[in-house]
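Would you mind keeping the following structure in view while I ask a few things?
Letters A, B, C and D name the chains as they come in the text, with residue numbers starting at 1 for each one.
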Amino acid sequence: MDDLETPPLDDPAGCGGAAAPGPGGLARAVDPEIKERNLKRLRRIEGQVRGLQKMVQDDRYCADILTQISSVHEALRGVGRELMRNHLKHCATAAIQDGAESAEQMYDELIELIFKHSR
Amino acid sequence: MDDLETPPLDDPAGCGGAAAPGPGGLARAVDPEIKERNLKRLRRIEGQVRGLQKMVQDDRYCADILTQISSVHEALRGVGRELMRNHLKHCATAAIQDGAESAEQMYDELIELIFKHSR
Amino acid sequence: MDDLETPPLDDPAGCGGAAAPGPGGLARAVDPEIKERNLKRLRRIEGQVRGLQKMVQDDRYCADILTQISSVHEALRGVGRELMRNHLKHCATAAIQDGAESAEQMYDELIELIFKHSR
Amino acid sequence: MDDLETPPLDDPAGCGGAAAPGPGGLARAVDPEIKERNLKRLRRIEGQVRGLQKMVQDDRYCADILTQISSVHEALRGVGRELMRNHLKHCATAAIQDGAESAEQMYDELIELIFKHSR
């Protein structure tokens, strides 16, 4: 994750074959309230991470820091959950309706996300 | 995790019975190089979280954001791993050597950390 | 998981509204090679679990047993991965193509499976 | 996990340096009630795995099978939790009290178990 500005382009076909949506590009659609909730959550997570820095700086009890780290994991899963729902609703649905080939690509991408990246 | 400044005080006995070290207090000891590495990692994680905000703001492809979220999870686990090692080496060891009662408390705390909080 | 013969019927609507396929019922379709692979894996997992019983019976070193338990987790995730792919390909796809309402139900079910049950 | 009869011997030093206890050998001690509980749980897990085979055989709804798989994961974690507590209480404690070198080996082993194998 060295450069967040240029995410992986390993599947340039994308969801539906368009140039813009898909890996390395844009979401097909994002529900505005999901976007707002996620931004709010991520700003809060940023605050939690700064709080962790302060705890480490102050030599706080390791077990307390570990407990706070687990809160950040939980908060990130909350963001992931919203994103995954949006992904299923918009991009996965479009890919599945688009035909067998784009559907197969989407199944593979989802399985990868679920079993490699959702934890 | 509403207030990182005042972590849980649910076990005021602490590791070894001292007033300062233990839950809600301080670590018994932190290796300086571990502390430095963890601060560096956490500053990097803060940057990753800001990167996530930008991705959400820009309506980036959901699967790409989910992949980046998983990088943050992995980076947090890296911090947790260092903290857990430090915790075992200093505080858990002190508690175990301190007698049966403090040892039992430590086993419970460790099991809780491992199975509830280490993910 | 008291009675495997009668799994949860908490969503009687099922995938696509049919009586037979869906929760508490049948899969819409299972690729024969997936089914065969999963049966083979599950028989192997059964053997691993019996091996774990023998290890516990023989007072084997706890860390070795824990390592073997993690192999069983990994093997179970292998089965889950195949099932999830089959589920996406057949039942989720049918539900998504069936209309907005069945699609929404499927998104919820998938999110539940991914974030509650896939670990 | 091809041969449960001969677990990994990658750390022949073991806990405390004795020939018998440690990796590839025996537990230093197992509380009899923990052993009994774990055997009972593992026999139950074996039944659950056979139940899964029947569900796959009968083409049961994938999401129901996935939910049952997650019950098996949870039950395995229950066994792991007991084993980890026993491990901390007996073998880890012995290693930590045995001197700095055996303690360091034990920290490494525990971190490995916690972050690689406890999920």
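Points to keep in mind about this one:
The criterion applied here is as follows: a residue touches a chain if its C-beta (ideal position, glycine included) is under 8 Å from a C-beta of that chain, and two chains touch if they have at least 3 such contacts.
Quick caveat, the model's predicted, so the values are computed rather than measured.
When the C-beta pairs in contact are tallied for A-B and for A-C, the bigger tally goes to A-B. With centres taken as mean Cα positions, chain C sits 24 Å from chain A.
Contacts with at least two other chains are made by residues 80, 84, 118-119 of chain B. Across the whole structure, chains are in contact as follows: A-B, A-C, B-D, C-D. By the touch criterion stated above, chain A contacts chain B in their complex at residues 1, 4-5, 7-8, 14-15, 21-27, 30, 35, 38-39, 42-43, 45-73, 75-76, 79-80, 83-84, 86-87, 90-91, 109, 113, 116-119. Across the complex, chain C is touched by residues 77, 80-81, 84-85, 88-89, 92-93, 96-97, 103, 107, 110-111, 114-115, 118-119 of chain A.
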